[in-house]
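Each of the next two complexes has subunit A plus one more chain, namely subunit B in the first and subunit C in the second.
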Partner chain A sequence: MSFFAPFCLPFMIGAAVMFVLLAWKWGSWLWRLPEADKRLVAKGIFTRATPEAVWETVRESLLHRRIFRIDPLLGYMHMSLAFGWFLLISVGWIETVAYLGLRYVPLQGHVFFKYFATGLPHKPAFDFVMDLLLLLVLSGVALAWFKRLRSRALGMRRTTRHVAGDRVALSALWFIFPARLAAESITCALYGGGSFLTGGLGAWLAAHVGVMPLMTAETVAWWFYSSCLGIFFVALPFSRYMHIFTEIPLIFLRRYRLRSGEKQSSYDHFQVEACSRCGICIDPCQLQSVLKIDTVQSVYFLRDRRYGMLRREVADNCLLCGRCAEKCPVGIDLNTLRVNSRDALRNVPDERRYDYFQGLDRSSGEGRVGYFAGCMTLLTPRTMQSMERIFEAAGERVWWADREGGVCCGRPLKLAGETDSARRMMRYNTELFRKHGITTLVTSCPICLRVFREDYALEGIEVLHHSEYILRLIREGRLPLGRTTERLAYHDPCELGRGSGIYEAPRAVIEAVGELVEPAHTREEALCCGSSLANTAIDDGQQVALARNVAEELDATGAGAIVTACPLCKKALGRGTATEVRDLSEVVAARIRPAAGRATK
Partner chain B sequence: MKKVIVIGGGAAGMQAALRLRARGVEPLVVERETETGGKLRGWHVLFPSFTPAGELLSELRRRVRESGIEVLTGATVTAIAPRRVTLSDGRCLACDAVVLATGFTLFDARIKEEYGYGIYDNVVTSADLERMFAQGRVAKADGTAPRRIAFLHCVGSRDEKVCQQHCSRVCCITGVKQAMELRRMFPAADVFNFYMDMRMFGPGYEELYREAQQRCNIHFVRGRISEASPTIDGRLQIKAEDTLTGRPLRMSVDMLVLLVGMRANDDNAALAASAGLARSASGFMAPRDLFLGRVSAPVEGIFYAGTVTAPKTLGETLDEATAAADAAAEYLKA
Partner chain C sequence: MAIEFGYTISKPRAIDIDRNNLRKSDEILREMPELQTCIGCGSCTAVCTAGNLTSFNFRRVHTLVRRGEYRGAYEEMNKCMLCGKCRLVCPRGINTRGVVLLLKRKLGDF
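This part shows the complex of A and B:
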């Protein structure tokens, strides 16, 4: 039995080109991984991480569980295409084995088996299953067409604007399965076989169309099907569909604990090309929904970066709020990629600019607990004043790192892409903390908190956000508080919530002093205050527009005051509402019961 | 006799009412507070002549009284129309035209939290200082005399961070005037003014600025203060940049005076909405035309006087009140 017909050529060439390109891409990316990353792969490959990665691949690359969570219909669309096609291929392979036994069959023999198997006795069970699977995929294609017209029905307000290459690949993909249906049905019309779908359509064609036209149509249909496949395969490595194959190694590497960092590395390729440009990141972006900026979202950032046309206007125009990363079905570390792109675009350290750090120490006080206010808390002195009262009431001896001014934690510069300068600040502060022998470091700024936890090497020093520290004092009975019925609306700061995963501590603290109410978007879904120092592209007016939008939701709760746990959010929200905005420490300090109450405890 | 309601009984409102009366129209002044005078009541002496504000105020009040102009105090206006004014107690006052002379709102210095107003002792606003002058006693919170005083210009003016892009115009010269007054009170004290630009546009302003530098030895430093914090010995430490030498600067002072700017009146939004009037981006009322219709609203029968449209000096406000009254009288004749 020969498994060749001229129409197979487009498919065979396309598949060959695709596999060569894939092998080259994967090979070079893996080859260029930093040594440390390669060691991580070697260490992880024979651990539980591998079966876990296999299971995650099934869940995410085939079943698309995360997309189901965003919208069931959207999830079904992706699942029917990916899982349906996967099943068509794998069941198709089993089918050839069932027909021919275990023997070598070239790739095109599997793919175009219906064409080559006309002379064999039919196995109706396989015909039925294969028709069912084709129907599954076709329903996904139909939904994809429908999504072009009415994306809202699939839970998306806005969809991606695609580049020309993607459009070619997309069109080819859309035609693959209708073409397969046509080709197989015509073959069934001529030679019998098929089940309810191809068989049914084939019987109808046999009844209505003559044999000669059907013969011609068969050749045309198989050529068309094969060409669609060929075009799609050639376009795949250059288009968004690269994600199909890139997500798989990404899942494995991620399980082996590879991460993107502040400097670009080969691992980034896996993340960048795993983006399917589905556009789910567009809707959550407040720059889009409030400011109508629609060229900078993660999907466009990754696209521009991938094709080497990233401009600073795009890289810099992002709040790094993480709302999109929270929704990304591929789990791409969007913020880190943005940061290391900024690093690549403008990291030009000024060697002498920070020489004044030498020997600088403006800290005061003594204690095992250190307090780092950070630049923004110095600009919101009520917070610092409140912390002082809290420390005093709890009888804590405190070392004040920067009350008289200090050196920035480094995160603002890091987020701006000046990572080398940021490192100098981090080194300075680390040495300062070590010199004063603190064991606990408290900060009221989530921006500082995050960089202390993620980028500083502070072994032996426990880093706490003031919300966590205050909660600990309350739970240990060191901070007697009086509770009121004041309704307080809590705003989750991005760096604290999505950034550091701290949602409960500030809420528990608020509940200790008043009644907690929440805006419509809260916790993982919380909106960004708009003044994020990560965005150096938008102006004050635009920041205020974002703040008003957020404040509107907070005001709608009818709370007497808005409480947040970030000095930057506090300043930002204050610009967007007439309602009083307070830091968490302020509401606590105002409710401390007099010292007499503590003495009797 | 035709009737015009003048909303606001400050300098602009009183002057507009006087002019209307002189032109044979019956004005009714509606004032929210229990007495007329508006912001003028809080001032001690006026720039650039150091004329006591009380003199101007009592003269205006005397004229209003002697002209027999009806004044309705303690009445808050909630909505306006060319022929009707609605009060917060539900009353509707009928009229033939309206002059809006509701003035401005003082910028709330607490919004610039980094300067510590309302948090630390001895951080005061220019309005607080004026009150202290009027009471005849300026002192630190502990009752002692300040030895070093810093003025900070442009608090709540020309500051995008607090959504106040506009220049309030009068603070520069007020800063010079108040610095000179403090200098006279405390001859041994050092007085510093931190500024972005010194805008000395009015008659006698530049001369006063020169006098402050040459005769009073007041130091003018070009640079905004970034933050203030308390020191252990109860003083205030300020951080700034001297942008002329390009160097950062730290200084301990005994008193920090914030020259707070003029913000669009808080009531503008509601009044504008009630009558379909336009506001400029800064929130002040937008006049019909920037050149030929400066005292007229886009809606026929509504006129503007004073700082309801933009920050102005007292002199400009009084002139404009006259112009607004004239425009209203002409409108009623037609």
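This part shows the complex of A and C:
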């Protein structure tokens, strides 16, 4: 039995081109991984990370659990396409084996088996299963078409605007399965076989169309099917569909603990090209929903970066709030990629720029507990005073790192892409902390907190956000508080919630002094106050518009005051509402029972 | 050998806007027109983290650059830590952090 017909050529060429390109891409990316990353891979490959990655691949690359969580219909659409196609290929493989036994069959023999197998006795069970799977995939294609018309029905208010190359690949993909249905049905019309779908359609065709036109139509249909496949395969490595093959190694590498950093590395390729441009990141973006800016979202950022056409305007215009990363079905580390793109666009190390740090030390006080206010807290003196009262009431001896001014933590500069210079600040502050021998470092600024935890090497020093620290004092009974029935609406700062995973501590503290109420978007879904230091592109009016939008939700709770745990959020929200905005520490300091305060003195 | 008195006499100096090359200054203004609303109040400088530790003066650098005096501006600007306090206090709501990055981008070769 020969497995070749001229119509197979487009498919064969397409598949060959695709596999060569894939091998080259994967190979060069892996080859160029930094040595440390290669060691991580070598270390992780024979651990349970590998079977875990296999399971995650099944869950996320075939079944798409994360998309189901966003919208069940959207999840079904993608699952029917991906898992359906996967089953068509694998069951098709089994079908060939069932028909021919274990022998070598070239790739096109498997793919176009219906065409070549007309002379063999039919196996209705396989016909039925294959028709069912084809129907599954076709239902996904139908939903994809429907999504073009009404994306809202599938849980997406906005979808991606695609580039020309993606449109070619997309059209080819959409035609593959209808073309397969047509080709197989016509073959069934001529030679019999098939089940309820191809068989049924074939019987109908046989009854209504003559044999000669059917013969011509068969050749045309198979050529068309093969061409669609060929075009799709050639376009795949250059288009959004590269995600099909990139998400799999990404899952494995992520399980081996590879991460993107502040400098670009070869691992980033896996993240960037794993983006399917599904556009799920567009809806959560407040720049889109409030400010109607629709060219800078993660999907466009990754696209521009991948094709080497990233502009500073796009890279800079992002709050790095992380709302998109929370929803990304591929789990791409969007914020880190944005930061290392900014680094590549801007980083100009200037060794002399911070020479004035030399010998600088304006800290005061003495104690094992250090308090780092951070620049923004210095602008919100009430937070500072409240912290002072809290420390005093708890009888804590405190070393004040920067009450009289100090060096910034470095995160703002890092977020702007000047990562090397930011390192100089980090080194300075680290040395300062070490010099004063603190064992606990408390900060009331989540921006500082995050950089202390992620970028500083502070072994032996416990870094706490003031919400965690205050909660600890309360639990240890060192801070006797009087509870009131005041309703307090809590705003999650991005850097504290999504950034550092601290959701419970500030809530527990609020509940110790009043009644906690939550806005519509809260915790992982919380909105950004709009004044994020990460965005150097939007203007004042736009920041206020974002703040108003957030404050509206907080005001809708009917709370007497808005409470947040970030000095920058406090400043920002204050511009968006008439309601009083307070820092967590203020709320606590106001409820310290005076007697207890005096007793500890 | 001159005697060191611990002070010197400054040379008389005037900024002649007609003579200065304002090309860069115009470019900067084009990219960030909101700079025209600056009233030179100096709030940015009053709260400045870097200005608190060294002689860095954002208001001064900006004013000089706008008048075509670019020398040393890039190095001066590099003292900024980009912490963003200035942006929060600016009464005209100028995106000062954006200004810092813009000045550095435009004046890197001066």
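The working rule: the second predicted complex is superposed on the first by the 594 of 601 C-alpha atoms of A that agree within 3 Å, B and C clash if a C-alpha of one lies under 4 Å from a C-alpha of the other, contacts with A are read in each partner's own complex, and residues count from 1 in each chain.
FYI, contacts are C-beta pairs under 8 Å (C-beta built on N, C-alpha and C of every residue); 3 or more make two chains touch, one makes a residue touch a chain.
The structure displayed is predicted, hence computed values, not measured ones.
Aligning the two structures on subunit A places subunit B and subunit C in clashing positions. With both structures placed on the common chain, the touch criterion links A:G405 to subunit B and to subunit C.
Judged by the touch definition given at the top, the superposed model places A:L132 against neither subunit B nor subunit C. Applying the stated contact rule after C-alpha superposition, one finds that A:L360 touches subunit C and leaves subunit B untouched. If you count the residues of subunit A touched by subunit B and by subunit C, you find the higher number for C. Of the two partner chains, subunit C is the only one that A:E418 touches; subunit B does not reach it.
In the superposition on chain A, A:A537 makes contact with subunit C only, not with subunit B. Of the two partner chains, subunit C is the only one that A:V348 touches; subunit B does not reach it. Of the two partner chains placed by superposition, A:L62 touches none, neither subunit B nor subunit C. Once chain A of one complex is fitted onto chain A of the other, the partner contacts of A:L379 extend to both subunit B and subunit C. Note on the superposed arrangement: subunit B collides with the subunit C stretch 40-48, while the other options among 4-12, 22-30 or 40-48 stay free of clashes. For the contact definition in use here, the residues of subunit A common to its subunit B contact set and its subunit C contact set are 378-379, 405, 539-541, 544, 571. Residue ranges of subunit C in contact with subunit A, taken from their complex: 34, 47, 49-50, 52-54, 75, 78-79, 81-85, 88-90, 92-95, 97-98, 101, 104, 108. Across the complex, subunit A meets subunit B through its residues 378-382, 385, 403-405, 539-541, 544, 571, 574-575. By the touch criterion given at the top, residues 111, 113-114, 116, 119-120, 160-163, 226-227, 229, 237, 239, 250 of subunit B touch subunit A in their complex. Taken in their complex, subunit A has these residues touching subunit C: 346, 348, 350, 352-354, 356-357, 360, 362, 375-376, 378-379, 405-408, 410, 412-413, 416, 418, 421, 425, 531, 533, 536-541, 543-544, 568, 571.
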